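Shown next, in structure tokens, is the structure this report addresses.
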Amino acid sequence: MFSRAYKAAVTLPPLMWVTVFLLMPYLLMFCYSFWSVSASQTIVHSWNLANYRQLLQVDVYWQTLLRSMWIAARVTLFSLLLAYPLAYFLSFHAGKRKDLLYQLVIIPLWVSYLVRAYAWKTILGSDGVLNTLLQYVHLTKHPLEFLLYSPFAVVLTLTHIYTPFAFLPIYAALEHIPRNLVEASHDLGATPGQTFWKVIFPLSIPGAVAGATFAFVLSLGDFLAPLLLGGPSGIMISNIVVSLFGAAYNWPLGAAISFCMLLLVVSLLFFSERLEKKWSFS
Amino acid sequence: MMTTSEIALRAAGNSARGTTLLSIRNVAKCFGKNAVLRDISLEVAEGEFLTILGESGSGKTTLLRIIAGFETASAGEVWMGEERLDRQPPYRRRVNTVFQHYALFPHLTVEQNVAYGLRVAKRPEAEIASRVEEALAKVKMSAHAKSKPSKISGGQQQRIALARALVNRPRLLLLDEPLSALDANLRRQMQVELKSLQREVGISFIFVTHDQEEAMVMSDRIALLRSGELEQVATPREIYGHPATAYAAQFIGHTNLLKGEVRGGTVRCGPLAWSAALPDGPALFSLRPENVRLTAGNVPTSGTVRVRGRVRHQAFHGATELIRVECADGLALVARTPGSGGTLDDVELEFSSADAILVRESPERI
Amino acid sequence: MELLVSDARFDSGPRWLLFHTVAVFAFLYLPIGVLILYSFNGEGVGGFPPHHLTLDWYRALFADEPIWDSVVNSLQVALAAMVISLTFGVPAALALERAQFPGKALFRRLVLLPLILPGIITGLSLLMLFNVTGTKLSLMTIVLGHGTALISVATTEVFAGLQKLDRAQEEASLDLGANYWQTFWRITVPNLKLPIIGAALLIFTLSTDEIAVSFFLIGRDNTLPLEIWGRLRRGITPEINAVSTIIFVFSLVAIVFWYRLRVGGEGGADAGTEIVATAEGEAA
């Protein structure tokens, strides 16, 4: 229906921009990962697999990656546990307030990440709000140290950040369930509880998978929360990358790690997409 | 004001012939300030096929949903046997529904859909298997047991919805305009099938539709609903032959609505006049087109009314024709004639005065 | 025992569900509340309960020059990024929704990838590009970074708007004698006004808050988040609370406005979620 000129005008500019500023940089990163850095801090374009070998052999990279994945897994789990019932409540029990409540959920999403992470720092510190409160009501005598500069703080903060992210697709999926299916289930004798597990939950799985993927991928690659709140025990893989591009100056190694992360994310996306398709029934 | 006989007729119509299964007593429903149902009282007999007929907005779906349990009545009670039905949640009622858009579970196969109610009730697997097989055979869908709903046609989905409801052996089956999404031929076929299925299964069906032809074909009784009130409840023949109100006369089938004036035992309506034992004053009559004939040219018998006029419109309906004739004093009559072909011009029409049925004016509802 | 009713009154479900909902909202808003509260706290950070309330920190903020420079920088960047994202994002949406061409699937994934990819990867890959081409890092490089990353936002918003557009309208226009270009400007674009404005607002807000990509592309001049970041590294000052509160208020206004724009008419579930959904490759 649309002329070739129209199609060309509409397709070519974004295609070119995206090729130059997205595709090529990724390819470039791929190339960098095969280079190395010389003693005088310059990048040597000698192609080798040294960086990848280093990743596989040196412990700290593996351990940090695993710790990052463990943190991301916990963040995903908690975000889902918080977001799903919330989405369910909004979709099925909120009545007229649904819209208002929905806005209330997405507002924190757009409030600066930095602001929120920093706020948690204020709350969790040894003379932060939480500790002072606990001592004030005489629940504890000394400030709890593990609250800040620990994996706990990172998981807590990232859960806070990514719960609304997990909420969005779950809510969308729940909203798309025709209400007459719920009525049909009741009509056939199923209680609301049975209806949830037999009808509503199965139909909401694609949304839950999407939410989980978001939470996992984004928290895996996060470097700000660990920097602010993680302390030495809360370092994640992205922090290593950041330092390799900063003080530790080893761009090729950093590129190698980044590229591995890119591959990991892309394969996770692929996998979750397949999972969603399998569970999608409309 | 209703006459005593009309009240009696109404009561007889509203109450069931045979044992009463369902008793709807003075049910009313308001959504905010909107009164969707006002003071509905109706009884449904065991084994009866009752149709609730009405336009959109008449409240028919709301009434059905109150019986099913998806709405609560603002006033009134619903009883099934000795129990108050409206106090129970939908999943406790021995009532099942066939939904307008079928509401089949997309993530379950046809078989699993039909088995749903039995699974929920935790029946033994062997029993579930045999009952599901029986239900699928009854609606002629056994071959599709393992398919998903998205893979079968609308008509087939509708049968599955039916099987899914019936397999639970409810005391009452509710059908919410189940045939409205089907094309005309399939619809006619399904009407016949549904009716014979109901006879076979023997339980009461309450069928909701806006299609008056459908209602007449299938029902034992029709409850005509208008703006939240019952206009008339009677068998199809009674409603057709003796409509209580102008609305009933016009909604069901075609009719000529004649506004006449009675004086001294004679009804006058434009160029028409006939004698009737009625008090003086305005009167409204319903005259069906099939009772208006072209004069054969013989001597009129007593009680026959004749009038001349000019044919303004001729509509071919296959076996018959509907002609619209303009007579004197702005009176227009529609007559149903055998489709003999040929264009008609000036004609003389006749009808028997006994066929002009007195009807009540239908009050304007807010 | 719940009854399923569709009356005006809603049934609030099991008690624990209501409790959970309230708890989650409390969790989501707790840090924000603390922040706002402490921006008025005379003793700065820490200590509970806050003692004397004061506007001192706001006063200090207004006298703080570097902060205001960074605010101006952020606004400039956001505006420029908005232009880039819309210029390339709107045609991209049209291309995805209308045209068939080889490599379309790859194109779609590429455009939407920055939405779900951690910002560090996008930032670093661009850094390498600039390094190889010898481009100096400056506000310009940040603009390029934001513009590229946020194309996906423009594309998803406009794509959703296109899907809601009734094709019959455009066909009617062609039928009545308008050619493709006229139809585009007279029918398609006016119908896309709302999604485009919504996208613009969203891109602007996201750009002013953006830190992950900016982190690697920064030159001499700071954007506001990076300025705040720099100070955070040095130690917490309560001024940060004050500026954060102000940022919150602005974001709040912007997002509520955006939501009203998006929703005017249809259900709320879609607002914002096709961004998430299409990042998973659902939409196309």
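Each chain gets a letter, A, B and C, in the order it is written, and its residues are counted from 1.
The rule is short, and it goes like this: a residue touches a chain if its C-beta (ideal position, glycine included) is under 8 Å from a C-beta of that chain, and two chains touch if they have at least 3 such contacts.
None of these values were measured; they are calculated from a predicted model.
Chains joined by the most contact pairs: A-C. The chain with its Cα centroid farthest from the Cα centroid of chain C is B.
Centre-to-centre separation between chain A and chain B, using Cα means, comes to 58 Å. Centre-to-centre separation between chain A and chain C, using Cα means, comes to 16 Å. Along chain C, residues 2, 4, 6, 8 each make contact with two or more other chains.
Multi-chain contact residues of chain A, defined as those touching 2 or more other chains: 183, 186.
Residue positions 69-70, 89-90 of chain B each touch two or more of the other chains.
Residue ranges on chain B touching chain A, taken from their complex, read 68-70, 89-92, 95-97, 99-101, 103-107, 116-117, 120-121, 148, 150, 164-165, 168. Within the complex formed with chain C, the chain A residues making contact are 1-3, 6-7, 9-11, 13-15, 17-18, 21-26, 28-29, 32, 82-83, 85-86, 88-96, 98-99, 102-116, 118-123, 125, 127-129, 132-133, 136, 160, 163-165, 168-169, 171-172, 175-176, 179, 182-183, 186, 192, 210-211, 213-214, 217-218, 220-224, 228, 238, 241-242, 245, 251, 254-255, 258, 261-262, 265-266, 269, 272-273, 276.
Only residues 178, 180-181, 183-191, 194, 198-199, 202-203, 279, 281-282 of chain A touch chain B when the two sit together in their complex.
Residues 2, 4, 6, 8-13, 17-18, 20-21, 24-25, 27-32, 34-35, 38, 45-49, 87-89, 91-92, 94-95, 98-99, 101, 107, 110-111, 113-114, 116-122, 124-129, 131-132, 144, 148, 151, 171, 174, 180-181, 184, 205-206, 209, 211-212, 215-216, 225, 228-229, 232, 236, 240-241, 244, 247-248, 251-252, 254-256, 259, 263, 267-273, 275-277, 279-282 of chain C are the ones that touch chain A when the two sit in their complex.
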